[in-house]
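Below are two complexes that have chain A in common, paired first with chain B and then with chain C.
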Partner chain A sequence: MSIQVTPDLNQVGVVSSVDTELLSLYQTQSIAVQEPELVSLLQAIRDRAAETVQQSKIPTTRDEEWRFTDLSALKSVNFQAASSSKPNLAALESLLLPEARSRLVFVNGVYAPDLSAVTLPDGIIASNLDGLPPAYHSQIKKYLAQLPGAQEVFTALNTAAIADVAIVWIPKNIVVETPIHLLFISTASNTPIVSQPRCLVVAESNSSVTLIEDYFNQMTNLEAEETEAEVGEAVYFTNAVTEIWLAENAQVNHTRIERDSPEAFHIGKTAIAQARDSRYTCTAITLGAKLSRHNLEIFQTGEQTQTILNGLTKISGNQLADTHSTLALNHPYGTSLQQHKCIVGDRAHAVFNGKIFVPKPAQQTDAAQLNRNLLLSPKARVDTKPQLEITADNVKCAHGATVSQLDDDEVFYLQSRGLNATDARNLLVNAFAAEIINQIPIPSLQQTLLKTINL
Partner chain B sequence: MIVENSGTVLSVRDLTAEVEGTPILKGVNLEIKAGEIHAIMGPNGSGKSTFSKVLAGHPAYKVTGGEVIFQGNNLLEMEPEERAQSGVFMAFQYPLEIPGVTNLDFLRVAYNSRRKVQGLEELDAFDFDEIVQEKLEVVKMNPTFLNRSVNEGFSGGEKKRNEILQMALLEPKLAILDETDSGLDIDALKIVANGVNQLATPDNAILLITHYQRLLNYIVPDFVHVMADGRVITSGGKELALELESRGYDWVLEENVSEVGAK
Partner chain C sequence: MSATVKTLVNQPYKYGFVTDIEADTIPRGLSEDVIRLISAKKEEPEFMLEFRLKAFRQWQKMTEPAWSNVKYPPINYQDIIYYSAPKKKPKLNSLEEVDPTLLETFEKLGIPLSEQKRLSNVAVDAIFDSVSVATTFKEKLAEEGVIFCSISEALREYPELVQKYLGSVVPIADNYFAALNSAVFSDGSFVYVPKNTKCPMELSTYFRINSGDTGQFERTLIVAEEGSYVSYLEGCTAPMYDTNQLHAAVVELVALDNAEIKYSTVQNWYAGDENGKGGIYNFVTKRGLCQGVNSKISWTQVETGSAITWKYPSCVLVGDNSVGEFYSVALTNNMQQADTGTKMVHVGKNTRSTIVSKGISAGRSSNSYRGLVKVSPNAKGARNYSQCDSMLIGDNAHANTFPYIQVQNNTARVEHEASTSKIGEEQLFYFSQRGISAEDAVSMMISGFCKDVFNQLPMEFAVEADRLLSLKLEGSVG
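What follows is the complex of A and B.
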């Protein structure tokens, strides 16, 4: 691998070469699409993003946006491109959702057609780029990598490495009855690998769809004996970007689950464009990774949009989980309801930063944000920062943040009714988590997650 | 009721306990036999709730001396849940609210934890529903309370009824009711008292903590004890409660100063 040092990076001195190594990761992934028209489209998008990457630096804790999230550990690992690795379908059994009749599976960022299954009525698209009907080839460039925020370094790094895209496209007036599952699996390996999955969702006007975007490490799901004995926890880096476009009056219910290996790094971007009268719901569950960052960005492009953001972070050990959300309203009559909860154990550290912009034109906006944190140990830490910038004068905006611990008296109350201390604590933690998990419109997934939450 | 030759359910000897280094219980003695109903009265802050929480095993209270034998076993060595599972039940003076846990789930988990210890099969939601419906009758509680979060938004009286519902489900050997009558209007008081009377059997025992004689008109105690400054300073029959009601506590406190001082 050649190391290019750009003039800009030279200026930052000692960190520059490590920065460069991480920033050159995009060069490890080549385009995995056959169709010439798409190849040249991807090449153009990649080249543009590569330029951005070359002018970027990996942020440090001196950058306001990364104050609490120190990326030095990420920079110190030497990641390689994934070699091909195919888990069999049986190994994935426990991940499959009976409610979702269609799934796209990507293994280490590479589309796995034999693990995927799509049963959808004609006209609804769920495929990788090669499966995209030719009629859509020219349309795709209006959407792919077109959302604001593309300059952000990890987004650009992903874009510069786009090899393939998971595409969900719902035509006008179509209501998709069954959820679509986008499953991104990392397989453990002796060398740390990088994967940079990319999703594009287009919901045309009056359409409706339910999506589950799921990041998982296959090895963490093996039988206990096997996992402990044969492999350590997998070290890898997932740098994911998902763009979702909602046209007028479209509805997207999006569940995002990050349950990577406890030694993994996960940086994920969810960028949403909401046209007038559309409704977007996101339920983001963060459980895994040693270091995770979720950047959730909503851009309102028309009036009277509804945005519902539910978030749950449950971490322990030395995990760090950072959620940065931005809701950029620019039109009147928008409503947003955001609820983010963190359950933090051991020495783990959760970060929540929720920005809401309500500029002058966004009159009659109704925005509410609530961040509630439950600390399970004295060393657990949470940094929370609501950031509301409101210049419109006729709006309703409310926000709040709370930090609490499990109440000893509540635990005792349950014990005095016969529950042991662990069950009592679990019941209370579960109750705290359930408020978010119950928002997921997939019962089987609710059950699985509630079990995972147990201490 | 006092039953001839019945077994001892609870025996407390010279029990002392402190909270954060402050002694609260200063030598409590009490003996309760199967079938009996005891009442403890006493001024605010005399240690009545502390005593009941120590019996239930609250971790904030540190036992510094004495012993408590429950049905032949050393109660003080048991975890709070083991005490509950072996038949100690305390109705809280201030029942806690548990947001996010439905009352029905809570009751079922509690019920099943008792069954597990008894070697019985745990009941699923369906079978449990039948049992809980029947027990709702005991306290005349509306079934809609089952689907709400535990005690959340319940009125004071509803919380107390919910405590007795739990007692009805868990069928304890020893029920300690800490001011279950406080804050109840007369109709609710009758319902709760009637519920407790239905649950009293010759095999179990009930310890009522109350400030008011009114409750004792409905649940008639076999023994009345007065607690002051962390000790049971005098005991008597149900007439003692009537006397306390009309004369207050001062006379008991005065009469016992010499006695306690001589000890």
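What follows is the complex of A and C.
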């Protein structure tokens, strides 16, 4: 399977001068797999990525792709490798989704088998690398770290430090009835730690699956009362990469939730390859982290694909949340529908950049993109750039962007119906967010998130 | 794409002739001496020379920007002739003394300068290579107190006015090409409209490049005093040469309290042949400053020529309640490249801006809209509406949009929408059903597509622009 790379994806952060400390900066974990065949495979992948890292540099605001997101705060922290502390199952209770009967839990990037539970019919794989049946060992190298955009510095850093992989593999013609929950927990400690989780999802032809990828911080959310004082200390860096391969006519419904601690750094990459007739839906919710960045990259490898991207960012305080999406359509008859919303309070700063490439072969493409931003305070800030690059002439492409505050008339209308000002505002903000949250196929998760928005 | 559409786009460039005229040309290359020479030739006051030298020193420290979506081979700045002027008598007192060859040239371009044939109610400043050759209706304008002359004349007659405003909107170190222009600009137009005056006629400057190796670096400065109004239009053509020529102009507009400036451009520089050989590099910095309260600056541009168009006419809305507008039609055909758009910087309270941009790309051309809407923290109640539509003719053309929206005030309302489409088979079928040929149908649809922009042009030019567009597209439809 070959994928055409859209021109400027790999350039970011690659410079001539060499940042030799980069590798050691975000401590490499040793490979956590036993199987010798896999160890040598991982080692080869790591070595290749390490070479890339050695020619790269952490981008600055002078790089167009990072113009509004200043990483100097991230660079100034001296991160340590993750410690081995583990939460107990009881502490996790509130996080578990009753709908999802299977879950994989990773703590600080390390697989926690005692916390995980997998109840899936035979043939469907949800495990870490060690649990992967030997039949798949030779196949894995066709997929792992093979998507374009792997040269991007943070993706390369993650690849260079691959210790284990969360793998979901759906064989041909299988429809997975219950959602699969991938839970990535960071446990805060006094020293800032770095974790670099990695997911690989392969949906073979005619299969269907629902996934929830969940980034969570244990300290702040699980035992909030006892650790209130420590909340400010929970500095850590999550550098996550998820690759999803959809074969012909496969269907993946993917929900990604980032609710890291308000002092954390989060950089996440979601890279998708979509073969002919496949359908992919992503609902990405960004709530946490002091600085977060989500790179969403979709590569079309066959015609007539359908892509639905929903995004919601709700931030306040001094948070910065950045979403960069790239949709590279290289084949005809693709449709895409993207809706990204930001709710920005206090002094927070939301960034959105949505690129859509429609080169000449992608005739009859129908791509629509909408970015809506709600500013809740005078100091809030939004930078948005919806970007279209089109060569095919027989296409329908449209994009829109709006920025505004809550409409006074709407607030007044609700007040005239007897709601107080706070309730009226909450109701409106909630409705703004609900449009995205309601796209999540898990009712219990919808409820939890709507409650969070109400705060 | 059927044959009719194709024939519609490929109309030959009819302004491509060269006027054979004796010219006063300085040697190629750029150095402090060249700048001193230009300044001396133009008999400029001392401050101007300093301004130029300062800009030149800045320029030497700067590097050529590379972020745009246009591609061109490196420009050798030492291979350009920075000053070329038709040889003339020491001083022109009236139009009768203008070289008849020049008058003929402008006649041929459809810009009659001689008394009897003038366009009624439009005052024209004609610029040929590096110098202004004639300005019409000067006396009539002077009666109202309006100053309309070439910038060299303004430097001699009204140095204090020029000194006050020159470089105030586009500082010399603003960007690479603006710095170059500040160092070497040769001529341009100067307009000053006094307090509470409505300029009685349309003002217009016509730029003509004639010589083959010169760059054209003109500088336009328009100052509208409190409560005044002026409408200004520029047009441009150049002969066909195989080599590329650099045109790096700077336009500065200043609108004081309650003043309004309307600036329209119909740009038809030579675009190069269908293989992209030759043509003008149109790298222009245009910026308007709405300095006073309730002031308004409106840009309208119809960009059909140039091998490369790279410009962003901008408005800095400083005065409270000031208004910025940008209406643009950019047409690219063959190998043309355009990276154009606008910047609206909201600084004052209740400032409003409107952006309407229409891009049409045919052939193998590339047409990008790049725009910035910035609302600074103090711009309470700022309002922006942007609309960029692209139309693609043929499947080798590119249409890109890069809108930057930066908002730092929650009371702002910013809306942006963009769409890309083509002339559909159904639409063409509908027309042919009604007995209208494909060619007419396409030209009708394009003028409908551009109507929002053409409506903003002064009457005479709207007709002209519509015609120009259908000529340019001749051969690409069907």
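Everything below uses one rule, namely that the second predicted complex is superposed on the first by the 420 of 455 C-alpha atoms of A that agree within 3 Å, B and C clash if a C-alpha of one lies under 4 Å from a C-alpha of the other, contacts with A are read in each partner's own complex, and residues count from 1 in each chain.
Everything that follows uses one rule, which is that a contact is a pair of C-beta atoms (placed from the backbone, for glycine too) under 8 Å apart; a residue touches a chain by one contact, two chains touch by 3 or more.
Please read all numbers here as calculations on a predicted model, not as lab measurements.
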| item | value |
| --- | --- |
| Partner chain(s) touched by A:379 [first = chain B, second = chain C, both, neither] | second |
| Which of chain B and chain C A:431 touches, first, second, both or neither | first |
| First (chain B), second (chain C), both or neither touched by A:410 | first |
| Broader residue contact with chain A after superposition on the shared chain, chain B or chain C | C |
| Partner chain(s) touched by A:418 [first = chain B, second = chain C, both, neither] | first |
| Shared contact residues on chain A - chain B and chain C | none |
| Contacting residues of chain A [partner chain C, same complex] | 64, 360, 363, 373, 375-405 |
| Of chain C, residues touching chain A in the complex | 67, 375, 377, 390, 392-422 |
| Footprint of chain B on chain A - complex, ascending | 407-410, 412-421, 423-424, 427-428, 430-432, 434-435 |
| Residues on chain B engaged by chain A in the complex (per definition of touch) | 56-60, 79-81, 83-85, 89-90, 92, 95-96, 98-101, 106, 109-110, 113-114, 117, 149, 166, 170 |
